[in-house]
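Taking it in order: structure first as structure tokens, then the write-up.
A, B, C and D are the chain letters, set down in written order, and residue numbers restart from 1 in every chain.
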């Protein structure tokens, strides 16, 4: 399924927490993976089928691959905007892409993607819910 | 210096992140300490002297004591409101108190406090900035 | 039940991770709460009834209170030894105490405690397993 | 500079912490990025030029790219072995590769890489220390 011509981008904004910085004085690189997840959570909430609701139906999106490129460091107190969209949905998997920018200046901080497969409570691969598949249309 | 009769309470609201949960299905207890910090950050931002700005002047608030009581677990996607206020300011230290409640129902999730002393870049104890001391008045 | 005269102390040693530091160049205060947990895990493993095994039987130790005093900051790469012992066991709860010291010099870094109650999978309060209660004797 | 025929692999073993799990009951995917870092730290310690010492000389390795593939989930209490080696060293950058396996069964949990550049305290790109460059020979 090709990437739709008009992609739906959801933005969420956060303040960098002190706990997210490291001894270099900048956000520790692993924390951006959590920011991606926040972008994903906001995406599903805004599209009306939150991931929290999905899990209650016994459907889980497990992560099978992560990639991230770091462009510009961020510091405590800085406001970051996470942009998240779906790059691809297949019958059993979905790929989200992300861009994180400084909220005030728009300067690019990083880019990345996460690939997921859909599993049930026992970890068996299942179909992506129909509700989600229409997001790719 | 006694607790002021009219305390200034700052509220900040956040969504529980998936990364903040643990295998019990609830927010891991250490993460509430980070939520306290977010409450503190919001407090200083709202009062017009953000902690980020304070650090740029070479003044650091180091933590010397933490206490937390857990009343009701929180789950992924839940909205929590962190209430933060200053319980006491002395010449070289400050105590913040916190209450975390469910944003929608108001149900109490936890309470706690953090005690801090003011140090310079070399870790020497110094006076709390005058700007902060008036917060106790 | 009083604290036993001869308390059983379990030590576990770890290297401070870079991800555990913050922009002050020292270990972020919330991470010590995770070090306490590591001390607790080591304690139960060494006494022959690991917490991981306990959870498989449907018994969970949920945290109801945490207290910590910070004496001396720690830095990336430093080796810390977490000392953990049981201060008190009651029929439905247990209190662990902790001391964290620099492994090489023995200098005290911090002290703390955590209080827990025993719950089942549905969150109902239950009795501490007999296997654990003899630890207080 | 091509990958050396005989690569030097350093292994470090850790217990999965409870705080590292999430509501799916498994290790949260962002925490493996921290395990990579632990592998890297152990690598530099074992080769006699720890990253902690390097930073004291004003040389920092900042992360510019991360990639990770998740093969098999891990759970609380499980022992994981992180294998780390240098895939490539250039004059201003270095690429580490990782494999994480179950310590007891040897089953592959995940693979990944991190790319770094060398910067000074002001963030200017500098040469990798000679001491490190010989690791690629």
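Heads up, the rule we're going with is that contacts are C-beta pairs under 8 Å (C-beta built on N, C-alpha and C of every residue); 3 or more make two chains touch, one makes a residue touch a chain.
Keep in mind it's a predicted model, so treat the numbers as computed, not measured.
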Handout entry: Chain whose mean Cα position lies farthest from chain B
Key = D
Exercise for the section: Look at both sides of the chain B and chain C contact and report whether the same residue positions are involved, with over half shared, or different ones. Expected result: same
Fill in the blank from the handout: The distance between the C-alpha centres of chain B and chain D, rounded to whole Å, is 34
Handout entry: For chain B paired with chain C, centre-to-centre distance based on mean C-alpha positions, whole Å
Key = 24
Handout entry: Distance from chain D to chain C - Cα centre to Cα centre, in angstrom
Key = 28
Fill in the blank from the handout: Residues of chain D that touch two or more other chains sit at 18-19, 23, 30, 34, 37, 55, 75-76
Handout entry: Complex interface listing, chain D residues touching chain C
Key = 15, 17-19, 34, 37-38, 41, 45, 50-52, 55, 75-77
Fill in the blank from the handout: Touching chain C in the complex, chain A uses residues 18-19, 21-23, 25-26, 28, 30, 75-76
Exercise for the section: Sort out for me which residues of chain A touch chain D in the complex. Expected result: 23-24, 29-31, 33-34, 37, 55, 60, 62-70, 73, 123
